[in-house]
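Across the two complexes that follow, chain A remains constant while its partner is chain B and subsequently chain C.
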Partner chain A sequence: MTESAFAGGNVGVVTPARFTHLEPFVLKCGATLPGFELIYETYGELNSTATNAVLICHALSGHHHAAGVHQEGDEKPGWWNTCIGPGKPIDTNRFFVIALNNIGGCHGSTGPCSPKPDDSGMYGPDFPVVSVEDWVHSQARLADHLGVRTFAAVIGGSLGGMQALQWAMDYPDRVRNAIVIAAAPKLTAQNIAFNEIARHAITSDHQFAGGHYRESGINPDVGLALARMIGHVTYLSASGMGKRFGRQIKSGDPRAGADVEFQVQSYLRYQGQTFSRQFDANTYVLMTRALDLYDPAADFGDDLVAAVARAKADFLLISFTSDWRFPVERSEEIVHALLRGRKNVSHAIIDSEHGHDSFLLPLPRYLDVLGTYLRRVHAEIEADAT
Partner chain B sequence: MRPDLQIIADLISPSARVLDLGCGEGDLLAWLRHDKGVNGYGMDVDPANITTCLDKGVNVIEHDLDDGLADFADDAFDMVVMTETLQSVRFPDVLLGEMLRIGKECIVTFPNFGHWRCRLYLGLHGRMPVVKHLPNTWFNTPNIRLCTFDDFEQLCRQQRYQIIERFVVGSDYLSHPLANAMPNLFGTIAFYRLGRPA
Partner chain C sequence: MTESAFAGGNVGVVTPARFTHLEPFVLKCGATLPGFELIYETYGELNSTATNAVLICHALSGHHHAAGVHQEGDEKPGWWNTCIGPGKPIDTNRFFVIALNNIGGCHGSTGPCSPKPDDSGMYGPDFPVVSVEDWVHSQARLADHLGVRTFAAVIGGSLGGMQALQWAMDYPDRVRNAIVIAAAPKLTAQNIAFNEIARHAITSDHQFAGGHYRESGINPDVGLALARMIGHVTYLSASGMGKRFGRQIKSGDPRAGADVEFQVQSYLRYQGQTFSRQFDANTYVLMTRALDLYDPAADFGDDLVAAVARAKADFLLISFTSDWRFPVERSEEIVHALLRGRKNVSHAIIDSEHGHDSFLLPLPRYLDVLGTYLRRVHAEIEADAT
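For the complex of A and B:
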């Protein structure tokens, strides 16, 4: 495999910023937040005509720290550092990139860990049900605050891809390009089933305490870890796991039996434990519900073509061959709805054995497709300016 | 632009919705967009071609033609184009039917296996022709469904497709008197514009 032309550099040290929306914000579920706070980061510079902004929408467990590091020596850069940076596909020399933590999140935006407006403690499990549409509307308020009227592109993978799609429908005049990666137009019964297992693992942990674990100084570590483990398996592929772990033994004697630990066991446990220390259980429940409930065609007689009719953006869909959480066919559903709606749309299918997680990985062809498309997006912005 | 694409471009009306099957680097669609304001879609299976199309701003859908076109709606396009690809798909008859389902008309081009050079090669050598316009050997050729112009027209008659227009050219994509007089013997490439059964 040859290296991508979009390997690029790093954005360096970044400092998160906060946006406070002081007016009441009505959610799709009918509840009203008296206001909200979003934590966000930006990379690159907004041009004088404010036409070069790109919005990054995060997936289930993502957040605002998408690129760079918070301080020199940070072990891990932002979650999408492979794609965002100078010379990278989302080129910070060309674009003003905004990444945020969505409402309901647990990385600094208003969510279950925030205090209730009446100061009666934190929201916890009482945080209202949030939706992809709510996120899109709150992101639009952030864009207003940052002086961005129209995005050159709204980009997201997985649940983030659903937000990119929704942006194109809810704000047709504010999105020039929607880049929808490893996504689906709605979840299948199987997708919802996996989310339910994850939620059940969390809520049935006695340390969940009906969602009021923080007040008691406990945390449903076991449940959260289980939820992450089941999720993680769905993000990988059988062949990918086979190549990475095979039947390698981490410890113990396979002939003796009971004390054997396979590499894959150890890996999953580690992933689960790390996650349970970093992620809030109520947020996990909230985010998976938002995923389950997302169905943009529901208000249009289950007709996705009618749902996307409003959109004016050009679309790029990217899917991955071994993704069985949101397989290629799910992206094709979106592609065909857009085709029938006579929208500009392209679809690239990246050959990868890394399953759903592929969208986070530096796969050369993936970077080339994304980078090539965005280079042209930038060229069109420049051409419009002259 | 390649002369064969120019011939096709001239057959497409400015307001048409176009799908180009096996669009390659998207030259036809890029030209149609710039010069005729036609916003079409390309389809290809080659990763390098997909990237090139994206670079040109051509809508391109990655899809293997051998997987069929079942997901496309009836009448989705005014014109479905397929240049020199018919001879390398698994089920050309099915594909033609699909092209005329999703498109009101289609343009198909393919090389003539009845060309005198092919006939002469097979006649003289007793081996599968390796000629200027079909340079591969039998075991590595992508052209698994070679046919003559007459074969193709027989299929069209059988399926009752309308042959609205036909151009026959030489390997230089130019019209020749001999090729016009006896296309199945002297024509190298044919362009067929087909319509649905009358």
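For the complex of A and C:
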């Protein structure tokens, strides 16, 4: 594999910050939060004209820690460290990059683990249904706070891509470029089915306790692990799994049978167990529901062209050939709607065997497309300033 | 949709029969059953030369009740009633059709719900690991009992197709035709992953009780339902689910969010609940393990051509365009091996939106291919007799 021209360096040690929004915040579902808190990180410096900000929107299980480390020696850097850093595609020498944890999350922003306004304990399962639109509006409040009127780019993969798309529709004057990666304009029945099974695994775990597990000092580990295992298989491709695991045996004699464990079994169980220790079950339910319900064309007579009409951004769509969760054709749906709405849109289809997970991986052509596009974005900002 | 030329009639009321094998039966895993019982049904009449017998092998959740009804007024006929009957593709006016429940099953054959030989209760989780090869050998004992030396055809879909393939290898002189539908020569890592998640859902349900649920008067309903939901999504295609369910709402307001239920959610939950009341959890674990471990080429240096060398049957492979569990290419693998082994083989690829489940459906072209092939098989038998 040829290395990307955007291999780059690391942002180093970063410290999360908090933004507190003290006014009531009305959610799409009709509920009102009396306020909210967002945990976020920034990388790079905001320029004097505040034109070089880039917003990173996270996917289902993501959070604010997108790049760098929290302390020297951290084993793992942020989840998108391959893309964010000096000289990397999202170049922190050029851009002021903001990453946050969304409302409803479990990494420090207001969510099911936060105390209820009346101090009667934590929200738990009573946290209101959140939507992509709610996230976008709360992110806009964070941008206000940080002095960012207009983003050079809003970028996200998967559920994060839906936020980037929604940003361009809801704040047409505040987004110069929307970079929508491995996304879809709405979920299919199959997508919803997999989410439903994951939620069902969680909520039918007797340790879920109707969502009040924390008060009881328990955790629906089994259900969360299953949810992750199901999700994980849909993030990988059949061919990618074949190359990585095939039918390799981890232990046991395939003739004897009973105690045989294939490598792929062991891998999935490990993924499930690790996740169940790190993620909140109520948040998982909220996030998958936001995915299921996202449908920007619904208020426009199911016409995506009408829905995107108000957008003014330039668009970069990126999709991956082996992604069967949000296949290339789902990005094409967005592309077609944007083209019919006479928007500037590019679509890069990246050959990859890594399925939906590709958007998190350092695939050279992917990094090159993203980096080259953003290099141009930066040049345009600079040109406008002179 | 044009109707098939093989729409045909029904076999009417059928009564299951039992075959008891009283001698020790050594399984591939090394364990020995002191004997076994098979529950089976037959449709049509064995001819005087015993050359018109057809064996039906069932898939993961199948059983012996393949056609007809058990009493007048039964709501549902046998699971393959669309294909078996007078004038149907597997024509009971021409063939003597045998369908059975495999060893390890939960519909009446020796399995986890059977008493242990030492009368210390039922087998439960201690039932030995069974394999496709074990099933084939036990089916051969049933054939002996019924006076069938040579089958006109052994037919099966999915896991049943693997049995048809194995019959042709293990009893080359007893199978004139092997009809292998929607099958694969072995599972991929992705196939194993889905089976693993289903098993994990069952065995990690606290009501599974290590497999001793029946003694405790409980049942792992939650785990079994999840296993079925996972399996079910893999039996359908994304496009088929899209056409059938799309994003139709069953109840609730998609803007409000919290109580929204999509049709596909409701459907899947119903499928899961129904299944959990009808199927035995230990059997589900056994059957999926047999699927995972099936790999006829393993004893031939992973060379499928060498594995099929001993077969003498003619082969009909049938696969379906939207089947992503066992895609067309998996049948092609078998076809290539058979062709390189200079076997007579035909492969029909049927256009269908119904995914893996297609093999159970009355798709006209599918019924026509199967019926026309078997009409020729019958003509050859008749010609040989004269």
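Just so it is clear, the second predicted complex is superposed on the first by the 386 of 386 C-alpha atoms of A that agree within 3 Å, B and C clash if a C-alpha of one lies under 4 Å from a C-alpha of the other, contacts with A are read in each partner's own complex, and residues count from 1 in each chain.
Throughout what follows, a residue touches a chain if its C-beta (ideal position, glycine included) is under 8 Å from a C-beta of that chain, and two chains touch if they have at least 3 such contacts.
The shown structure was predicted, so the numbers you read here are calculated from the model rather than taken from an experiment.
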| task | Using the superposition on chain A described above, determine whether A:Asp303 touches chain B (first), chain C (second), both, or neither. | result | neither
| request: Give one of first, second, both or neither to describe whether A:Arg376 is in contact with chain B, with chain C, with both, or with none. | output: first
| task | For A:Arg340, decide between first (touching chain B), second (touching chain C), both and neither. | result | first
| message | Quick one: is A:Glu37 in contact with chain B, with chain C, with both, or with neither? Answer first, second, both or neither. | response | neither
| Touching A:Arg244, do we find chain B (first), chain C (second), both, or neither? | second
| message | Of the two partners chain B and chain C, which one touches more residues belonging to chain A? | response | C
| query | So in the complex, which bits of chain C are touching chain A? | reply | 28-30, 128-129, 131, 186-190, 192-194, 196-197, 200-201, 204-206, 222, 225-226, 229-230, 233, 236, 238, 241-242, 244-247, 254-258, 260, 262-265, 268-269, 272, 289, 292-293, 295, 298, 324
| field | Complex contact set, residues of chain B against chain A | value | 17, 39, 41, 47, 50-51, 53-57, 59-63, 71-73, 76
| task | Spell out the residues on chain A that touch chain B in their complex, using ranges where they run on. | result | 316, 332, 335-336, 339-340, 342, 344-349, 351, 365, 368-369, 372-373, 375-376, 380
